[in-house]
Amino acid sequence: MNDDYLEIRGLTVDFDGFKAIDGVDLTLLEGQLHFLIGPNGAGKTTLVDAVTGLVPATGLARYRHQDLLRTKSHRIVRAGIGRTFQTATVFEGLSVLQNLDIAGGVHRTAWKMALARRGTPSYVEEALETVGLSGLRDKPAGVLAHGQKQWLEIGMLLVQDARVMLLDEPVAGMSAEEREETGELLGRIGRERTIVVIEHDMDFVRSYADVVTVMHAGKVLAEGSVAEIQANARVQEVYLGRQHKTSGAEMSSGAESSQEAGHA
Amino acid sequence: MDAFTTPLLAGTATGALLLIAALGLALTFGQMGVINMAHGEFLMAGAYTTYLTQQVVTNTDLSIIVALPAAFLVAGALGLLLEVAIIQWMYRRPLDTLLVTVGVSLLLQQLAKDVFGAQGDPVHTPGWLDGNIDVFGYHWPYRQMFTILLAVGALAALGALLKQTSYGRRIRATVQNRDLAETVGVSTRVVDRVTFFVGSGLAGVGGVAVSLISGTNPNLGTTYIISAFLVVVAGGLGQLQGTVIAAFAVGIVTAFLTDWFNSSMAQVLTFALVVIFLQIRPQGLFTVRTRGLA
Amino acid sequence: MKNLLQTGQRWGRTWGPLLGIVVVAIALLVVAPAVLSPFRLNNLGKYVCWAIAGVGIGLAWGRGGMLVMGQGVFFGLGGYAMAMHLKLEAAMATGGPDAVPDFMVLYGDGTMPGWWEPFRSGTFTLFAVLVLPAIAATILGFAIFKRRVKGAYFAILTQALAVAFATLLVATIKQTGGFNGLNQFTQFFGYNLYDPVNKKMIYSIAAVLLVVCLVVVWQLYRSRFGELLVATRDAEERVRFLGHDPANIKLVAFVVAAVMASIGGAMFAPITGIVSPSDVDATASIFLIAGVALGGRSLLLGPALGALAVGFGRTFLSESFPDQWTYFLGLLFIVVILFFPSGLGSAWSQLSARLRPKETVR
Amino acid sequence: MFESRARHAMGIVLALTAALGLSACGGSKSGEESAAESCVDTSGDTVKLGFLNSTSGAMAISEQTVRDSLVMAAEEINASGGILGKKIEPVLEDGASDPAIFAEKIEKLLTGDCVAAAFGGWTSASRKAMLPVVEAGNGLLFYPVQYEGLEASKNIYYTGATTNQQIIPAMDFLQSQGVKTLFLAGSDYVFPRTANKIIKQYAAELGIEIVGEEYVPLDDDDWTTQVAKIVAAKPDFVFNTINGSSNVGFIKAYYEQGLTAETTPIISVSIAEEEAPAMGKDVTGQYAAWNYFQSVPSPANETFIEAFQARYGADRPTSDPMEAAYASLYLYKALVEKADSFDVGEINAAADGVSFDAPEGTVTIDGDNHHIAKTGLIGQINADNQFDVVWSSEEPIEPDPFLEGYAWWDPSAQ
């Protein structure tokens, strides 16, 4: 095994006394599609925030011998860890091509930055190809459909050459067809990368997950293959218990699908 | 002893004045994201209201008491007018409200000049405020104590409004989550207007206190607006306690610096201190934590 | 046909702005000197100085989203650096190489502070005009941007800076001339300042500098940096997750804007014959913003043309309506920001965009 | 492909600009000065005069009064036949309280409107800004305000007091009152700093001890902490060189902390008839040093006050700068009539000894330094906010802007 894995030990995030993450241990290996599930408020997004320097945390998060908790966000990105956000955030005023090109700018010299772009760099072409947006290259990113924006974000991570991709609900709001395409895309690019997906849709998780980690109340509840998780009694309890407390109308689609998982 | 008490007491009074001016700003800035550069001119409106009140109510002892609610209403009405005529079209463009209100501020200054004349008008201090008490050699003017009481009163009234009344709950709900407040039936339009009225009215009350220091003049607002904004910035948004501490801190620190150096250096150094302070606490003293990518 | 149209559009995108700059250059350098009286040309020179600062504000505010309300400070750094040299030149012309400026004799003890000494050299002064604001902006920008102070906080801090700077100048009479500022220059790098031929030359230098600044921002706007700056303006946190520190990107734009303001200030001194605190305080800074808002903050030529228009309007209105002209300035802010938030330049381009299909049919 | 073209294009634009710029850059070095041609045309039956005062901005408060009396003087002169038979045609400009605007407007007046002379300016900053323009264009400027001295230009006539006609008489008055300790309070800018430098040196000469010195910025009205220092220092007298609205804050803080005209009187050099009633305090008993008070008994003053109040309202007081501005226009008339010409050179040649029976008394121009001889007066404020003259230099004092006649004066001392 090489060093290209993300190691998290005893990670804790404390919001003025409220422990949003409470002593989480995780090892995320290369070449696996790793899914992070759990009810709302379980701390999934906060975990990603902590690893990418958005919220202060204690404990350990290490990638290639680099202590991520003492590194600034943009340095973490430079170390090869990229992420997306729940709401797709692309630069709406720039074209698809410009969005991808801008993502590849980290290692450019100051002089290159001061010049205009000439032609299309090969890695940008490749990313366009991979995420299937070649035909829309000159369109402003703002006019893209929701799913296309998510793909564009993944494309930007590719251009960034992110070795670890932390994706926050990439298929939320996508059609079944788009989900399938996204799943295949993740499968393709995941072979030589570490990919972590936060997801609620259990169908999607079942179809593509190699490893699933269930989080609840800031702690890791269970970890294993899809089958192992589904058989786990504590996981079932958490989801069932949640069902009793919440009224049907307020329950999100994500919660419904997780509840499904509990029964299966 | 007086080398310590004089700046402390005088600075507390300056801080109280800054607090009255900054409370309204913190309210409108915190809730609506509006940066009202014409707030200083509402102070000026309060000062001119005091002058006009003294023309009508010639009993000086009484007139200042009458002037307080009058100034609150006049400045509040001006604020309401500003909200209805201009600001309501510009929510979600906070930086642009800053520039629009710069224009409003210029208009109001010129208007005051044309109506009242460029020469300032006198405001007479009532007899019961015209005196002092000897505190370790500092002849502490009653007027400064009155300013501090006024600030405490304004703060208490505002606190009661926010904590005890249904409007207060609506205001707090709107500050915390505008969209959610709307969905549960709070008319944020009405809440915004009430907030603007109250915030501007407070500036009017501050104007009464200012008029006791320097009478009236058309440029009176510009003297206080920047300091008041620095207080809001240093205090942080969303919590009045930050504004309170920052106001008194700026007032007292400026007074000590004035004592040690001079007024000009005190102004410059206070600015430098605020910038250094923001290095330590970039979001100000107190801030409401929000989730997600801002 | 479609291909041709596209080619035409791309051609227009590359060359259009340059063509605009050429038109501005010809208007300022050929037409204006030919038709304007020396006095009016000198007035125009003053507006050109504001326009140079405006171009930088367009970069920082329009493209970078940083509302710089205190550009008067950098305008002042350049203006005072140049004015110190001109003051020393005037002193040395009559009193020999060791002469000190008259106001130091009148109001001080006749000795000159050491930091004035290098400004005897014209080369050093030119160097200082470029480097002083860059250093000041880097220190200030570093402190502000690294701690993620932005938006209204940033605007208010910069305005407070302008107030503090002006107060400092007024209070340091023996070092900076105080409220009176620096004035009574006689020559500009050896050229007599009151000779009409030389005044025309100084005007031309300012106009050339404006064109150069326009070309610089034109290149910046079309560069990858320009794209990144706009990206930072629209979604600062997202840029962080591209691996860039947004603070550095903003810092570059802020420093370039500061240097341009300084260049404007440096030319302001010989053109108006005075630099005083009232040219650099909060009000003066707001004047600079007004022009940029009017012309269109994020356009290439908008800030410069807006600054020229506001400068001209200020002169024209104060000559025609000496008592009421502040009303116009107040209304300008309200109307432009309320109805044309992207400036009149954008209003025009929106209109022409609607008209364009008809034109291409021809 | 487009990129390389764009770079070429950029190069072309820059080259073009450089060429255009260079073509306009035929400068001439100092020495080969091309003489400024005067464009003043007095061949018709009118003569253009420029009145340049701030009617907007912070200084409008003071300068409007100067404008008013200039306009009135012009109307009076026109009614009585004009200057050398030519009617005055005033050109009004706003200096906008901004020195750079003053520089611009004076150039417009001299080269655009071709006025024969300009009147106005208030702050020293505005005068300093106008001075090089007036000298370069060889024009004439009449400056009507008391100022800190240390200046003399052949193109400017200073009709307000210089320091030896206001500050020094005030000190003489203090000595006559037996003052032993003095506190200096001023706005933080050039005039108060310079005035206080003179005061400190003269005080040392007179044996008066300076027990404190405080400055506050022009736009700052809160004097509370500084006044506390006066309370602590317990001086016999306070010398007030504060300017503008800051005076109100000073006076209010002064009385609030228990100081009065009886315990610690103030002598001011910028509180006049206009300002005294605007303090919001009864300032009866306080002093001011000027060269003119509305209460000065003279037939010329009676006529002046009558005319002014008839023109602008019976409630309008008259004050020193207004009177100096009024006198400046009449002095110009006298200068032109003595020289029998509107030419600047001929006016200057005829200047020495030209006099006018001004409301303050007879004033006479000193041909060397272009200041005028004035009588120093100290007034004490009475219950009607008028000044009772309590001390006078008796004779007009010859102007000495550089204080060359005062042995104790050492300009290079701190």
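As written, the chain order gives the labels A, B, C and D, with residue 1 at the start of each chain.
Everything below uses one rule, namely that a residue touches a chain if its C-beta (ideal position, glycine included) is under 8 Å from a C-beta of that chain, and two chains touch if they have at least 3 such contacts.
This structure is a prediction, so every number in the text was calculated from the model and none was measured.
Of the two interfaces, A-C and B-D, the higher number of touching C-beta pairs belongs to B-D. Geometrically, the chain at the heart of the complex, using CA-atom means, is C. When every chain is reduced to the mean of its CA atoms, the largest separation from chain C belongs to A. Between chain A and chain D, the centres computed from C-alpha atoms are 73 Å apart. One inter-chain figure worth recording: chain A and chain C are separated by 45 Å, centre to centre, where each centre is the mean of the chain's CA atoms. Chain B and chain D have centres, each the mean of its CA atoms, that are 37 Å apart. Mean C-alpha positions place chain B and chain C at a centre distance of 33 Å. Across the assembly, chain B contributes 110, 262, 264, 267, 293 as residues in contact with two or more other chains.
Annotation for chain C: residues 167, 170-171, 219, 222, 238, 326 touch two or more other chains. Residues of chain D found to touch two or more other chains are 6, 56, 188, 215, 217. Against chain D, the residues of chain B that register as touching in their complex are 2, 6-7, 10, 13-14, 110, 113, 118-125, 130-132, 137-139, 141-144, 212-215, 217, 219-220, 222-223, 255, 258-259, 262-264, 267. The residues of chain B lying in touch with chain C in their complex are 29, 33, 35, 86, 89-90, 93-96, 98-100, 102-107, 109-110, 226, 229-230, 232-233, 262, 264-265, 267-268, 271-272, 274-275, 278-279, 282, 293-294. Residues 219-220, 222-225, 227-228, 230-231, 234-235, 238, 240-245 of chain C touch chain A in their complex. By the touch criterion stated above, chain D contacts chain C in their complex at residues 2, 5-6, 9-10, 13-14, 16-18, 20-21, 23-31, 33-34, 36, 55-56, 92-94, 96-101, 103-104, 107-108, 111-112, 123-125, 128-129, 131-133, 136-137, 150-151, 188-190, 193-194, 197, 215, 217-218, 411-414. Remark: chain D residues 56, 58, 60-61, 64, 188, 214-217, 219-222, 224-226, 228, 231-232, 245-246, 248-249, 252-253, 255-258, 274-275, 277-281 touch chain B in the complex.
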